[in-house]
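Provided herewith is a single structure, encoded as structure tokens, for subsequent inquiry.
Naming follows writing order (A, B, C and D), and every chain is counted from residue 1.
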Amino acid sequence: MTPAVYGVLFVFLAPVFGGLLAGVDRRVSARMQGRIGPPLLQPFYDLGKLLQKQARQVNPVVEPLLLGHVFFMAVSGVLLLSGTDLIFIAFVFALAALFLVLAAGSVNSPYSFAGAERELVVLLASEPFFILMMAAICKVTGASTYAGVLASPQLVAVQLPGVLLAFLLVATIKLRKSPFDISTSHHPHQELVSGLTTDMSGRMLAYVELAHWYESALLCAFMVLLFNWSVPLGLLAFAIAYALEVLVDNSTSRAKWQLVLRSTWAATLVFSGGNVLALFLLSR
Amino acid sequence: MRRTTIPFGPQHPVLPEPLVLDLILEDEKVIDAIPTIGYIHRGLEMMVERVEYTEMGFVVERICGICSFMHGMGYCVSLESIMNVEVPERAGWLRLIWAEISRIQSHLLWLGLGADAFGFENLFMHCWRMREQILDIFEKTTGGRIIHSVNRIGGVKRDISDSELAAILVQLQELGEAFKTTARVFGTDPSIAHRLGGVGVLSMEDARAVDAVGPMARASGIATDTRLIGANFYDRIELEPVTETAGDCLARVVVRLREIDQSIDIVRQAIEKMPKGEGLPLENKPRGNPNGEVFTRLEQPRGEVLYYVKANGTKNLERFRARTPTFANIPAMIKLVKGCDLADVPNIILTIDPCISCTER
Amino acid sequence: MTSLIAFLIAFPIVVGTILLLITRASIRNPIVLVASAAIAAASVATVVTFGNGDGVFFGLPGGIVPGQALLAAEIAITALIVVIGLMNRRILAPIMAIAQLAIALFLEVTGRMPEADPQRLFWFDRLSMVMILVIGLIGTLICVNAIGYMHDYHRSNPMIKGRRNVFFSILFIFLAGMFGLVVSNYLPMMLVFWEITTVCSFLLIGYTRTPETIGYAFKALNMNLLGGLGFGLAIALLADQHLGLDFAKLMAGPASGTLLAAVALLAFAGITKSAQMPFSSWLIGAMYAPSPTSALLHSSTMVKAGVFLLLRLSPAMSGSTVGYLVTFVGLGTFLFVSLVAVTEQNTKKVLAYSTIGSLGLIVGCAGIGTPELAWVGVMIIIFHALAKGLLFLVVGTIENRLYTKDMENFDTLLSRLPRVSVLALAGIAGMFIAPFGIVVAKWAAIRAFLLVPGGQGAVMILIMAFGSSLTLFYWGKLLIKVLSMRSISDYERSIERRISRYEWFTEGALAVGVIAVTASIGLISDRVVGPYALSAFAAGPQTFLNIEPAMLVVMLAAVLFLPLLAVWASTRKFDAADFYTSGRSANASHVMGAALGGSKSVTLRNYYLEGVINGAMMFRVGTLACGAILIAMVTVGMVVR
Amino acid sequence: MPNPLKLPMIPRALRNLVSKPATRRYPFEIRPRFAGARGTIEFDVETCNYCMLCARRCPAAAITVSREERTWAIEQLTCIACGVCVDVCSKHSLSMSVNSRAVHLRSEVGPQGQRPGHEEWHKPAPAATDIPAVAGVPAPAASQGA
């Protein structure tokens, strides 16, 4: 199959993957809390119900911006799999996330705005890592595309242990898991109500959910980049990483934004930065 | 310069109660907090004009869904002292036991809400799971999980058999043991220390200055506890107030954690000391209508509650007032909220264990 | 072509002189319009005539050598600085100006000054072509915009004495200086044009003549004269060692010895002019001038002269320690000003920090001296000039409508000034959103830094990663403010109608330019910037844009489609809901119930990361760090000799 | 500062993962109410003598009794299940079941605006001789709202 076909497949299969992942997540989280939990397909039922509901908006630009959020999340995956330069993907990924911030910010209401600002803070926290990770992967493998990295004889994770470690930390932000779920939370008992989704309902909320599923699939694809010997190996690594995330999610409270920013930057600087520095020094 | 205004409440999901605050923020630092009360005023005190004093106790119980037993008890104690009614001994001990179980229930509920506010869903589930078992005890013994309606002027409505009391004690002690692992999480988890440690510090002087009551005051090192005045059989219990010195949110959590153990011990002492046997008198019915006025103080889970009752010899009381512990702690809360982070606001608000519905009645 | 170049340099001076004498707006405005059109047309004509050749050299008709004329010009400039300095009781600027003149006089008197080759006075290649277009098109648009802006500016600032004849006069002379600078091949001639831009920017910054702006103007003058002194010393060094003053010959390849020392001094001059740390403060102070001044200084002139010089030096710095140190001055500036920008609330200052950061990137690219990074540098020059020119003009327009420069007061702009908002969105998007040119260039820069061997490469990539993310943060904040909406009153709706057609035209043209140039990025890379990079470094053929240009265009279309969708959506009826206020009352005008009764408007303030990033401290740290690197750079250049 | 990597909740979460959940599949699996739980008020119309004491003592004013029309009605949604009516009823017509009151839907509001949870009993009038004299009880209208 050509890379373009993978790209198209991503558009259709990533939501299925993300939704199932969310279903498993909710089930496992419930069991960790001693509850029975919802059916496995509950996220899909929820999405269906959200789409059926009356769509009420505070202003008319929210919907286009959220569509942009979904679209660019999907585009990031398509570009990644269809062989676009990895470092460029990091920028597109940030653009996709930015659309969510703008949608929430455009509402101009106290809670959505504070959520949007916090999302900007976590973008600021996570973005350096993704640029650095992509650059490091390119440096290690000498390739610049997804297929190229997968074809490389080097096992990236072995060369980039620090980046892998920082990835686990930063993925907590992107997967919206405690302790880093500061801009939104799956149940709204936080100081910002529902953070940046506070003023979104019905169809709007469905877009956010859908984009998050794409995002999860994208993170999985990133994990495959780190374990590039085979796709099943990458999937296994992602499953283990996700299980860890769920466990930590159920074992910590939500951090404050200052700690999120500081710890993520420190991890990026020390673990991935140190890793990249070593890589450059040794490859001389 | 422009600042963010966050309308915090009345219907904010992090608050179990309709507290109303305007938070003025820079970044997430709270520059100013403007509180107001009165959102949920229900006019319960006014109902003394319609409901006869014999039934008013059931209304008073509904001031709060958490300390409902203590509110009913406070009302009955007030009327008993106006009408000079002696409560039968077993009834008095039963009240004390129910009151302490209420305290356990209230603290567990609060710990769960606190955990939820700082984003620890799992811990919330664990606290509330144990609370469910306490509610089962209430349902078995009083017939109601939240509203018990067992207090009568002059005693209590229902008895608990000695064998059941023993079973309850065993159950409580087992729960207390099982809860130790959950309590350890509160005490040692680094993410909780990050959210609560050093947050909202109320010094002992400040606590005195703003007249904090209950666990709020005890967490700042003030050994105040209305139970120490000895009324309602507390004089026959060995009781040392639980105090902490740090005065921060974490200290207020720890005080309540320790009070759960303390209450279980008080229940044990009560069961040992109360008169045993079936068919002991439970109620000395009052005669006639009350005439006179009285203040009653009780130590509720949230702190000291104050009742004022004025009767004029008719079936309806002339005046009934309740000053709840939350009202006494609001000044402390506002003091602490100024200058903290937005993320600290729920924790600070919750650590006073606010019951705005009680405050506004 | 020679005549076109001569026209580009001489005509603005003539126009400037005429404008100085005209105080009536009804006469001035048509002159400004016609002259701007003529200059724009001439710059396009120059480029068209140039065709596809690599570098061409030419002289003045009849082989005239400007030797004495240059000296005369330099004396005139020095005299002007001395007079103004003494009038304002400032001593430093006159001293530096006299010192510089002394160097020139010394060389001239002792006969050490090498004569210019009459056939190689001017050097025109693709970099000059890019610069000519930037100056000729964007610069003139700013001049036209100033007609509308200055009218409103003086109406809303009645305390400031109107000297619009002087203002417009300087604008045009500034353009002439820039045109001369970017085509000069004889270094003393370049220095004269260099000083013309310095003096013009000084006069523009001090236009309002308040004590505050005079202070900032002198700060700019002092710093740029210090750079000019470095330039002069470089000429003296080259002359003393008989290396010649033919710029193209000197910069043909990696430099060493005395030449490298001269390159270090020239790089120092370039760094001062492009407002890199430790010399950033002059450009921040320039923010107090009227907005067209800022637009001109930031987009098409002044600071671009600095990076233009550094890009010219790039082949000579290639692979040397001096080059690496220049790179770190640039990248260090990029990182530190980005940190500062995150904590800044004044929109114009945010734009200024963003400019310094972007220039830092160009300086960083120039220092390494590889074709890939030279490509990145020129790309950033193009896209930055368009986007930043647009943004400053738009902010100026907003400022004259809302009477504020505070970013926080730009909220609900999409409702209040919808069309201006769309223009602002184009500018902001051009600065940091993915398919737009600057991001493409940043991405290419990271790719190129990956090839830098050793620990330096790792540090460069780290700086790029963090710097880019900080950029995302502060632009994101501004975007949120611009994109937010609420119901507005009829009065507020009427505000936008009072914007002059000059402003609509120029800002609209720039917005279209931002999009059009991004859409044709493949063409620009293949035809202009790519060949320039290859010829400057005499490198073998290679592609620079490692991405399908078509894909970028599709992405661009998507990004553009969404705002259009939003604008279309805003005209439609929708199922309106009130926003969440914890159960308080709220309405579409964004008024909500207050705690103590009554109501208050929703006020929201962006995060400035207080407690995590201290802007003032970052500025000091950056100034110290980059200053140290700069001193090291000059020292290394001198010592290696 | 405690060790940031030592999270005491982790063993607990893992143990929960493999042990039996504490929740029930509620609508399919319902825990029986405890004996003595206070639920809805049940009424035996046959034994009632319309003395109206229950209505007068009810703190929630949930009970309405009409002696003339011989009806006894309760608003189950207003009732606070305190049990006073059961205590005061001399005929033991009232009792308390352990079952909690049913959930009512808005759609159950009747065409005349009847409230859900409204339960009413009517006993046909017997021969006049059957009515025991209940002297001293005030007229029904006057007793309302006590």
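Miscellaneous remarks
FYI, a residue touches a chain if its C-beta (ideal position, glycine included) is under 8 Å from a C-beta of that chain, and two chains touch if they have at least 3 such contacts.
Note that the structure is predicted; figures quoted are calculated from it, not measured.
The chain with its CA mean position farthest from that of chain A is D. Measuring from the average of all protein CA coordinates, the nearest chain centre is that of A. The centroid of the Cα atoms in chain B and the matching centroid in chain D are 27 Å apart. A separation of 79 Å divides the Cα centre of chain C from that of chain D.
If you average the CA atoms of chain B and of chain C, the two centres end up 66 Å from each other. The centroid of the Cα atoms in chain A and the matching centroid in chain C are 36 Å apart.
For chain B, the set of residues that touch two or more other chains comprises 4-5, 7, 12, 28, 120, 122-123, 126, 129, 189, 191. In chain A, the residues that reach two or more other chains under the touch definition are 32-35, 110-111, 113, 193, 250-252. Within chain C, residues 581-582, 602, 604, 607, 609, 611 each touch two or more of the remaining chains.
Interface note: chains touch in the pairs A-B, A-C, A-D, B-C, B-D.
Taken in their complex, chain C has these residues touching chain B: 345, 406, 408-409, 581-584, 592-597, 600, 602-605, 607-611. Partner chain D is touched in their complex by these residues of chain B: 50-52, 54-56, 58-59, 62, 120, 122-123, 126, 129, 136, 139-144, 147, 149, 157-158, 181-182, 184-185, 188-191, 193. Of all the residues in chain B, the ones that touch chain C in their complex are 1-5, 7-12, 18, 20-22, 25-29, 34-36.
Against chain A, in their complex, chain B makes its touches with residues 4-7, 12-14, 28, 115-123, 125-126, 129, 189, 191-192, 194-195, 341-346. Residues 54-61, 63-65, 67-68, 71-72, 75, 79, 84-85, 87-88, 91-92, 94-95, 98-99, 101-102, 105-113, 116-118, 120-121, 123-124, 127-129, 131-132, 135, 138-139, 144, 193, 198-199, 201, 258, 261-262, 265, 268-269, 273, 276-277, 279-281, 283-284 of chain A touch chain C in their complex.
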